[in-house]
């Protein structure tokens, strides 16, 4: 038996709210999603006017960050042609997102969930996901 | 040209919050999801302890209600063996949910989104989705 | 934050071994699979001569039992035409198995994983999964 | 008519156990999976703490190695932009893994199955899969 700490809905909603506030500051509407320690969705919000194609991406950036305990930006570096995880994108039924915007959420050195942001440029997504994660 | 009224993130979050409060009263943790006029996810919340298999179902009950402008309970009656929509479940890549827990959300006689609930018995899901829709 | 107990690989291997021994006694080769508290696969074994189509089914019976905290036999009763979960089979991207052979695994009243068996008749699968779960 | 030699569950479990021991030595928890001559899963184990996104990858590295009778590291060289199998990753419904960690298993010059490892760096996965295959 093992004991796994996992974030709560209240944690997820606080993280999402922080992401929304950052997105408003940045001026780009976003999708923000949070998964738990098992990689399962806890909460999601799409701001008014945010891309509908980004619903899936935000949820799966969060999934990816927890699935491999890595930021999706770091995964991106490793998934380029010639790199060690090249081609990982087609695994897990299209759920692996290999570009910026996903971050693991950690407590006491254990990863307890992850957050994903999609709806803007890579730079905007990264700025928003960092603000969201900081609220955890 | 047409004008489509669609619910906002603020509307969706109010609907979800009402669903959560009803679920707490009922004593069964739930997933609650809201889609907009385009059938695309606006927001989702999974209460602590709610079934992980119900993430997909809550989102797709909301999708189904908007996709066919019908409560999923009414769709269920029409999707039984021998009935007029029997087999509709396999359409739309597995997104059509043919059991209670999804309701369209209406303003000025126009459907502007939908809400889906999953995590309990059909009766519990229906009670929660009705409370959620009533908050719209 | 929440604390989730989850079974270990050692637990999963013990459960699978017990399933294999029961299947040998029954005289029907089987697939046996175990998932953790997050519904993610921990271990799987296909006995020599067992059906290859049952790999997916055993894994997803285990998933289903954890996803809805229910035995797949009980889910079956509720997924029949006219029943409260009719049509649930198409949700979760074809991972919901609505027939006998999946059981949640419980410790101290908390579900910490699940086991799925596929490879024989419903009766055989159920006998094997019960023996497997009893070893937990 | 043809006779196909194929590894047994006992073989698969021995290979997996050797992989686990190497992974413990390397200090990185891993997923290890074995498929038979038909490319179908025989057994899988995820060590405690190993990445959940690597379940699918380990199984499919094994599938890929048997599907093309090649190590996935060698396939990787051929799947890079400009190379002869560039784009092969999208075939087979996302099951082709084009990075290190999968090896065919051979007896009397015939390939009788394959093993896949996922959960660490490419170098770690390759070290573990080589140890696993050596136990065959």
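Letters A, B, C and D mark the chains as written, and numbering starts fresh at 1 in each.
We take it that a contact is a pair of C-beta atoms (placed from the backbone, for glycine too) under 8 Å apart; a residue touches a chain by one contact, two chains touch by 3 or more.
Bear in mind that the values here come from a model prediction, so they are computed numbers and not experimental data.
Fitting chain A to chain D on Cα positions gives a rotation angle of 90°, stated in steps of 5. Here the spacing of chain A and chain D, counted between their Cα centres, is 28 Å.
Averaged Cα coordinates give chain C a centre that lies 25 Å from the centre of chain D.
Centroids of chain B and chain D (each the mean of its C-alpha atoms) stand 42 Å apart. Taken residue by residue, chain C touches two or more other chains at 2, 8, 38-40, 93, whereas all remaining positions touch fewer. In terms of which chains touch, the assembly is arranged in some other way, matching none of the line, ring, star or all-to-all patterns.
By the touch rule above, chain A contacts chain D in their complex via residues 2, 38-39, 63-64, 66-69, 81-82, 84-94, 96. Residues 48-49, 51-54, 56-57, 60, 76, 79-81, 89-90, 94, 96-100, 121-123 of chain B are the ones that touch chain C when the two sit in their complex. Across the interface of their complex, chain A is touched by residues 1-8, 11, 36-40, 93, 107, 112 of chain C. Across the complex, chain B is touched by residues 8-9, 12-13, 38, 40-48, 52, 55 of chain A.
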